[in-house]
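Just passing along the structure, written as structure tokens.
Labels for the chains are A, B, C and D, by order of writing; each one numbers its residues from 1.
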């Protein structure tokens, strides 16, 4: 009875909500997301501060932001401030997890893992690590970036945890990396304020769109984010691993 | 239809939170909601024929039709925040379990304020 | 004299007394005497500057005749009572705060009566309310102070509403102009909400519940102020609501009862009910202070009726009753306080025969109750006579009947404490008790003298009232050399005094000459040598009017009404708590969805 | 002149560093909140662009009078909270520094999506702080409800983005969408829900009881003052400057605010636990402020938020400490506790009386302004509700004060022998700190015009009206 009631209420809410929402947006539509005069157009054309005309891959030099990946240009340049906040959210979550799990709780024990996992972990781990680093260093050119890269690094450590029940991480190094990467991120912003007059301004030469060494501070920021995210999620994994719940 | 589907996902998540008292299931509900809203954001930025917003050798010019990169950036942020919240939620779940030996909120009965 | 100086000095002395009390309790108490006497003298001298305006900070004051009259009565109560303060310091939990609040509330009353605008009035008013709340809690009941605050708050919030509503029409807070332009439903709303704080403060039914609680349980040194002083603040609001808010003009087109517009008549009827309720309840009381408190309820009814009449005679009676009741009830409460100072109790059945130990206090109390009951030759008689005259003039039968009932009833109750506390046999416990010292006796004697003087030479006070009447534009009560003339007749108070004095002298002489009473032990008459465990039950003052009380035993208790409302609010709170709060997210999700559905439907989408 | 971005950057750097240098994190926290206050008054007013990209495209920070007041209030109260409870704050140094960045960001940002992120930072820090109550189910409840709010906010925001193509507040406001129409009802409701959850409006704030009710002296004080006022400030900006409410939506939001006020006060009325009293009173006040904001009466609402925040800070701090000492916050078990703590008691009383709106205290000025502004708008119903429940509010606070000051059996005079314990609540320095804070309320109540001028510079906020009522108008000034 209760289930029927809850379901009925949710459905009623859904119907009413969708009906109301259909007045403001075409909810049944698909692929009509061409928003007239949207801010994002300027991100694609890289002409927020000054119009440089058409941006051609591999040719255009010194565009506003030299990132071939437009999403990256939004994340790490146009709206880099958002990303700083986003990193902080993750940072806060990691701090929270370690605070709540407590300092004094002991490391938990995992079940002994299988032979295949144990053996292959040693091989896969460096590959994953390198891939992760690759992803965040190429964030301005290819899909991915600091967040996926960092997550991949963290998952490589998770793999080690899974493979070896006695595996223990020295946490200090990660904490230092996490703290310093964050500090450096803010510092990069502050340097921009001193050099260019704006916080987080892209003060390095942006180079040719599509080059590895292009896009100014974007790769720098993405590397920092990658390191930070990697160490944060690793920290979360490590903290969660502690004091395994006994059922 | 994708918008409808994404909104349905939000509703499903809501139903999950509403009907379930298991901490983990509630967290799953929250995640489903977040997923729904992420898809909703993407759907708003997408249009037919648009290409992924990355300049490559194939799609080389900014004059081509790219889908909205801002929506995608927002989704990325939203995902990361969702990750943080889920991590915290799981830790809370573990604390609940450690304290009450159950994941069922119904079995806790509120607990008196200290 | 400058009002600014009076206010500034009292406030500064309030703060000073707080710190001095911490060094020396008695000194702090004496400082309140000095401060309140200073204020009294200052106010007295202020008569010269009536019509003048003063301002301090953002407050602006206008000295009016009526404000001066009220303030003088108020500060009289404060200054007379303050003589008791030094002797009660040791019994106070917070003597410093007591002295501070005592003087602060006094400054508040002064400022309130002279306020030029309603915000100033309200600020001072509320300051009096909260500072007196904190004094009352030091007495015998915490609950009393709570009840006092809540009833006061009901009144003051309503008044604030009225002030704001009037402001939204007239655009000004200045008392004389604020009510301009009101009409129709808004006028009725403003009138009733405005006067609510007055009703609450006077203790008009159904707001009378705080009087027995607060007067009965406040520190003994504050009950006289409460009854003799603070209650009069309400009368001031009542006065404003028929003068500043010209109720008779605004409601002139309305349905009339006996020539009085219905809203005003309705309030007068409430006053009449208060007289009846106050009288009946006073008869029931076992505690002398509670008894006096209920008598204040009844007297408040007289004052309200008198003031609301706003005519030549009745109004004068109401205004004069202010003084008479203030003086008499302050004196009565002080007398009880003096007895309590020696015996430590205010329960009538625990006392007796104090006349032998404290004869002066006895006389003080005797005069006070004679005045309260409206028996010549004390002041209370004159004012009640005027009110009767006014009512009879207008042919308001019900009100007049209530007023007569109250007068007769007051005979029944005021003599109870007299006989129970002062007459009869002295308790062995109290045999060694002495009369209070001169310093405490002095204010009681002054008040007694005032009570008698008001009865013998009422025209002194009535002359001030004629000026007030002239200032609000009604024809003043006719005064001859020593008589008061009304349509139905005239009253020569001095002659009345002579007659009564003559009778009294004869009786006294007989009493002295043919003294045959024999002093016996308290339990001498009826114990027949048996040992009594609970002698209080055999005290003849307990269940004094039992047969009469049985007539209205089942009468509903107004307090229950308030409790019921409180329970209802609590239930709403319970509901809120259980509906919306918990540890399960589902509750909030449910409400989000319900609100969502509601919003979308109401929003006109579906 | 200092770039306002440092209000966010400095606490962030310190937060990151506190992870590296864990030993001195307490001092990092202290220096963080101190620097925050120190630079506050030297900030560059106006718009600050971040990254060099002009507003609709880049993110901008806006420092006007309004955000300045919010920043000052949150910063000062956070400083006071940290100083008062440094022992408790030590553990949460990193979280508090991050929260400071989040709060400053929320108040400063001029971009709706950026606001979302800073709001998440702030809320997540609140989730973490709420675990100090050792009741994980309540923290969890808060987290889930808060996440629903986030999802709704994003969904609503995206609809607006799809309609206007912008995330910038000023740019969105310039599009002149008419917010009263049914077309925008649902997205507005979605965004409102997110704020309503954080602003504790009934029926959205189901988490409040558990979280506030189990707070300690640090977290309770911060939740009820710093966090609550920040959320309300942002609420005021969003629903006045960005989505200027009108029509049915406005009516509904005002109604929700007023209902919250009434229900909250009623719920507080029946409590005996002090934290519960305070938390329901917070809910009520929050509802009132939200209703005023929704009506566009920004100045009175700001006054109300300020007076409530300072009062609640003091009261929650004292209550939390009382609970630590006596293991209970049931006031019937704490009778006469102020007898041996007069300074603290006076501070508590001043705060309570200001909350009730008694004259001579700041709350009275706030209340008068609210009433005058409401009446000027031709509204008499809300004032009636406000005043009616002000009686209830006064009743429970006075009852509380009486119990805490005057112990004694009914029928006997108040006597110190019945007073609970003689333990000092706060040591002398902390008592003085709390006392001085309460003196601010008193002083601001005695010279309200000056206080009002300090707050609004006489011009009102965001183009709204200035003070609806000033004491100087009594003298017939204007």
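Quick notes on this structure:
Heads up, the rule we're going with is that a residue touches a chain if its C-beta (ideal position, glycine included) is under 8 Å from a C-beta of that chain, and two chains touch if they have at least 3 such contacts.
What you see is a predicted model; the values in this text were computed from it and never measured.
Top-ranked chain pair, ordered by C-beta pairs in contact, is C-D. Each chain gets one centre point, the mean of its Cα atoms, and the points for chain A and chain B are 15 Å apart. Chain B and chain C, compared by their mean Cα positions, are separated by 67 Å. Centre-to-centre, using mean CA coordinates, chain A is 74 Å away from chain C. Inter-chain spacing, taken between the CA centroids of chain A and chain D, is 32 Å. Along chain A, residues 9-10, 13, 17, 20-21, 23, 25, 33, 35, 38-40, 43, 79, 82, 86, 89, 92-93, 96, 100 each make contact with two or more other chains.
Multi-chain contact residues of chain D, defined as those touching 2 or more other chains: 113, 117, 120, 124, 127-128, 131, 135, 137, 140, 144, 148, 159, 161-162, 167, 182, 185-186, 189, 210. In chain C, the residues touching two or more other chains are 582-585, 589-590, 593-594, 596, 600, 603, 605. Chain contact topology: the protein chains form a complete graph, every chain touching every other one.
Looking at the complex, you find that chain B touches chain A at residues 1-4, 7-8, 11, 14-15, 18-19, 43-50, 52-57, 59-63, 66-73, 76-77, 79-81, 83-85, 87-88, 90-92, 94-95, 97-98. Within the complex formed with chain C, the chain A residues making contact are 9-10, 12-13, 16-17, 19-20, 23. Within the complex, the chain A residues that touch chain B are 3, 6-7, 9-11, 13-14, 17-18, 21, 25-35, 38-40, 43-46, 54-58, 68-71, 73-75, 79, 82-83, 86, 89-90, 92-94, 96-97, 100-101, 141-143, 147, 209-210, 233, 236, 239-240, 243, 245. Chain contact summary for the complex, chain A toward chain D: residues 17, 20-21, 23-25, 33, 35-40, 42-43, 48-49, 77-82, 84-86, 88-89, 91-93, 95-96, 99-100, 175-176, 178-183, 186-187, 189-190, 192-193, 196-202.
Residues 10, 13-14, 17, 23, 26-27, 30, 33-34, 36-37, 40-41, 44, 70-71, 74, 77-78, 81, 84-85, 88-89, 92-93, 95-96, 99-100, 105, 108, 110-111, 113-114 of chain B are the ones touching chain D in the complex.
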